[in-house]
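One chain, chain A, appears in both complexes that follow, with chain B as partner in the first and chain C in the second.
Let's turn to the complex of A and B:
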């Protein structure tokens, strides 16, 4: 207090400081409702489900808490896990690559063609249930494309049109997902690509770089985390979604969301823990894949964002 | 060299055309199917046309009206929840730095990255215990869980673009937080709020599993009415329902572009 400050001034300063602190943190309150909502319903709901699935089942006469999880420990369920995860990964990678390619082309070559962009974003507004149906009625053996093939003279009976719906490899499922998810990836990254290209055009010209070099040295290093994040969203969605495999995969295909929903809705209350357990496995897989991706991303940052 | 360039060009054009056709062509047979009952292979267009499916759809047993009304109520409630929870959260995330911000952000976006069916099954059990909660509200809560991440991300991005400069100027002129929000941030946010709301409504319209689980299969929104027809393969009726489904989406899209237009014109006039 010796440097010219009196007692009152010190107090005033303290009060002001306190007010300033409160004001500074008042803005943080805005996050609370949404955060609480997610914690209660997303996290709370999951935890509640797990406890539900662990309640012992007097109906079966067995007192085993983990019966639902033990029932999943068999070869056919592991096969289903493999198929579901493989399918989701295939959809994510195919959609990611095609979406990136389409977004680059749209941004570089076709920026003036507004209607083309509308076409490439149209499926976003269409529900998955409808996309499944739309693709079913064109790709079926008796569908519209097979009729076209007949009129072009490529096939002479509908049996010779390749089986794409309810097939062994889930091609119809992948096509239907791509119909929905390629536009999603385009929507996600297209605005950034346009901005990056216009920001770096002059630099590239001065340095004599080609478009391909801009892609390699500018667009990919900046956009990669977002692009991979987008593919993770597609992966997680495909992993848990029901409509498309329910309509387009054959019954014995073994997509877990479909099996789980059947257990949940058709086989009575006592089978519900099984449905919860199956969905929990999917959630855990997505979480693991996410952790792996984040780990890889950190390593990639350390290595200086080089791709190849 | 020139030859390679030309080959590349042709390849690009083929790629773009193929994808455009992949996206667009399925709509043609869909429209045709809704106006016919019999359409045997290999006819490209049916010989007999009928509007029976549309008649069924608009009759009392078709339930199209009921489905649309239910879907609209749920979507409106979901949108309200998004506006109330999403905008303040996005604002805080965009404008403030605090410890654990990344964790908070990833919790808010979690339903995008982790399949949410498990939590919705748990939520349904909550909802049974409080069985005074009306079906519309509990289904809207499930849809809110699904849509909030998209909404928060959209609004957050716009808040980042706006930055903090104008607000600081306003504070130094003595404006309070509410005034800042209403006079500065809201007008600048409007385009992205429209986009976010469009996404929310479209996603809410298309939910099948969350709606089914949360209402125990009793709240008949359009997807719940459609699904049995789609899986039984009654092409004509499904096609008609699908077209009914597009109507609200098309109306929304047109509304979105119109509102965006009006908004940008208003700004243009202001500037003059």
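Let's turn to the complex of A and C:
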């Protein structure tokens, strides 16, 4: 043997080397099951969806593989894309801003009121369908708030109560989503806001900074990646969910998830590729927004900026 | 700045009790005290971070400003060096262009030229603390409050920064209230030193005064003054009635003034003047020091510290030894 090693020596070296390699990559090995699970389901599901959406059908006597996508190339669908993306963006931004303000108030003024924090987290456990139903019961023109307003003489008739359910602007949909997503944002950022206030409030104060200035110039910038990330999660979820617009938006509203669900479940198997194609368009938009945010975040960190 | 009868409470506990303090213009006042004595609370109170339960804070010119620097640099991690330094200027509504120019100009004082675009994690510990000091100093405070600003740094860096800050203070002329638990740090910068115990200032004086005449045994103990014994013990060793005020019932002597007498050479013993005594004991500990050795001797159940110069003769453990104690070097103080 070279180096004066016998067979046992080489065997021992190989065992040690294997142990060293396992130890070196133990982090990767640890997340491997989750990674494989995610890749198999995500890639497998994506490939299967794309294949389904490209299922050919006879159009004008000829087989057409892209018929589903061609059918989406019309002004009505583009309008629906605008409405769906706009609605998701509005929910994400409103939930993000309201969630941030609520988390700041909870952390700064009501930290000792644990019950208030618990109340804030309750809506997370309520299914979206139920939350839509609850909202409908209270915000309809014949709902609780309308009756209360009528009872106190604030409105002359139930019809005078503003239309918040099945309305033109999707206000009911936005309110229902916010009722669910604001607590999610609060839950996500609250512990970090508590930590950031304890870390930086005093420092900013000795430099003359007010609480508002500390929030604007210190807490929000440091929190930005996580906060925006949370808003993106809300955006992606709202973009693809159908229960709330199905219950609270008017029929002609044009929410793509509702339209896709109808195509998938009500018009026969041959319309399924169209439903899948609609969802893939939404998935592509969601990924595009995600990639844009990651790009912007990388630019933010590029010069060496850190937040922790 | 003057504090009159200041009290500060936290959770209904009195942390600072009726404290009086005056800091003169351009002075470095060092505040020392054990953990939990209220040093940081006092600084936070002066800086406006904690309310005074009673008492008042006044300034020579009517109003005054403070800047506080903490033990950790606490630099905003998402801001560059220049942006960190300019933060207080931004709060004051100074324009971007103007505050950047002011911050860049101030970097020279901080010896941080060419590091203006770095983020805090790209700086060394010493550079971070200089930025932290700069962030407070650029606001031109009447009184700079330092809460053990260099305690987390290694010794050589700490000494360098103390020297740098001392020079800066002497050039710019601002006042400092400097909290530290390092005696060497206090001695190297202080115009005056104050000792705070249990929320009250127990003694204020120039450094030499403080060491020569501690106001109480508690202060002597806090200052780690060695060879502290009661008048009765000294009388026992000297074997005659000691001069001085009877109220000053304790005395300490610096270990460098104690002299070892070689057992093999008793010739020196005959030359002992009246105002000195000889104490016999056993060596219990020998530690090398920069000058020679630090020797602990047990005599009459009391431990004495003796410093020797040079490394020629190393006393052995349990060796019987004799120590010459000159009376004139004993500093007397009250219990």
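What to note about this one:
Definition applied: the second predicted complex is superposed on the first by the 267 of 308 C-alpha atoms of A that agree within 3 Å, B and C clash if a C-alpha of one lies under 4 Å from a C-alpha of the other, contacts with A are read in each partner's own complex, and residues count from 1 in each chain.
Keep in mind that, in the parts below, contacts are C-beta pairs under 8 Å (C-beta built on N, C-alpha and C of every residue); 3 or more make two chains touch, one makes a residue touch a chain.
Quick caveat, the model's predicted, so the values are computed rather than measured.
Comparing chain C and chain B on the residues of chain A they touch gives the larger count to B. Of the two partner chains, chain B is the only one that A:282 touches; chain C does not reach it. With both structures placed on the common chain, the touch criterion links A:116 to chain B but leaves chain C unconnected.
By the touch criterion defined above, A:226 lies against neither chain B nor chain C after alignment on the C-alpha atoms of chain A. Contacts of A:292 after superposition: neither chain B nor chain C is touched.
Shared-chain residue A:213: touches chain C; no touch with chain B. Within the superposed three-chain model, A:93 lies out of touch with both chain B and chain C [touch as defined at top].
Across the interface of their complex, chain A is touched by residues 12, 15-16, 19-20, 22-30, 33, 41-44, 84-86, 88-89, 91-93, 95-96, 98, 104, 107-108, 110-123, 125-126, 141, 144-145, 148, 152, 177, 202, 205-206, 208-209, 212-213, 217, 223, 226-227, 230-231, 235, 238-239, 242, 245-246, 249, 252-253 of chain B.
Considering their complex, residues 26-31, 33-35, 37-39, 41-50, 52, 98, 101-102, 105, 109-110, 116, 119-120, 122-130, 132-135, 137-138, 142-148, 150-151, 158, 179, 182-183, 232-233, 236-237, 239-243, 246-247, 257, 260-261, 264-265, 272, 275-276, 279-280, 282-283, 286-287, 290 of chain A touch chain B. Residues 199-200, 202-210, 213, 217-218, 221-222, 303-308 of chain A are the ones that touch chain C when the two sit in their complex. Chain C makes touch with chain A in their complex at residues 47-49, 66-68, 70, 74, 76-78, 87-88, 90-92, 117-122, 135-136, 139.
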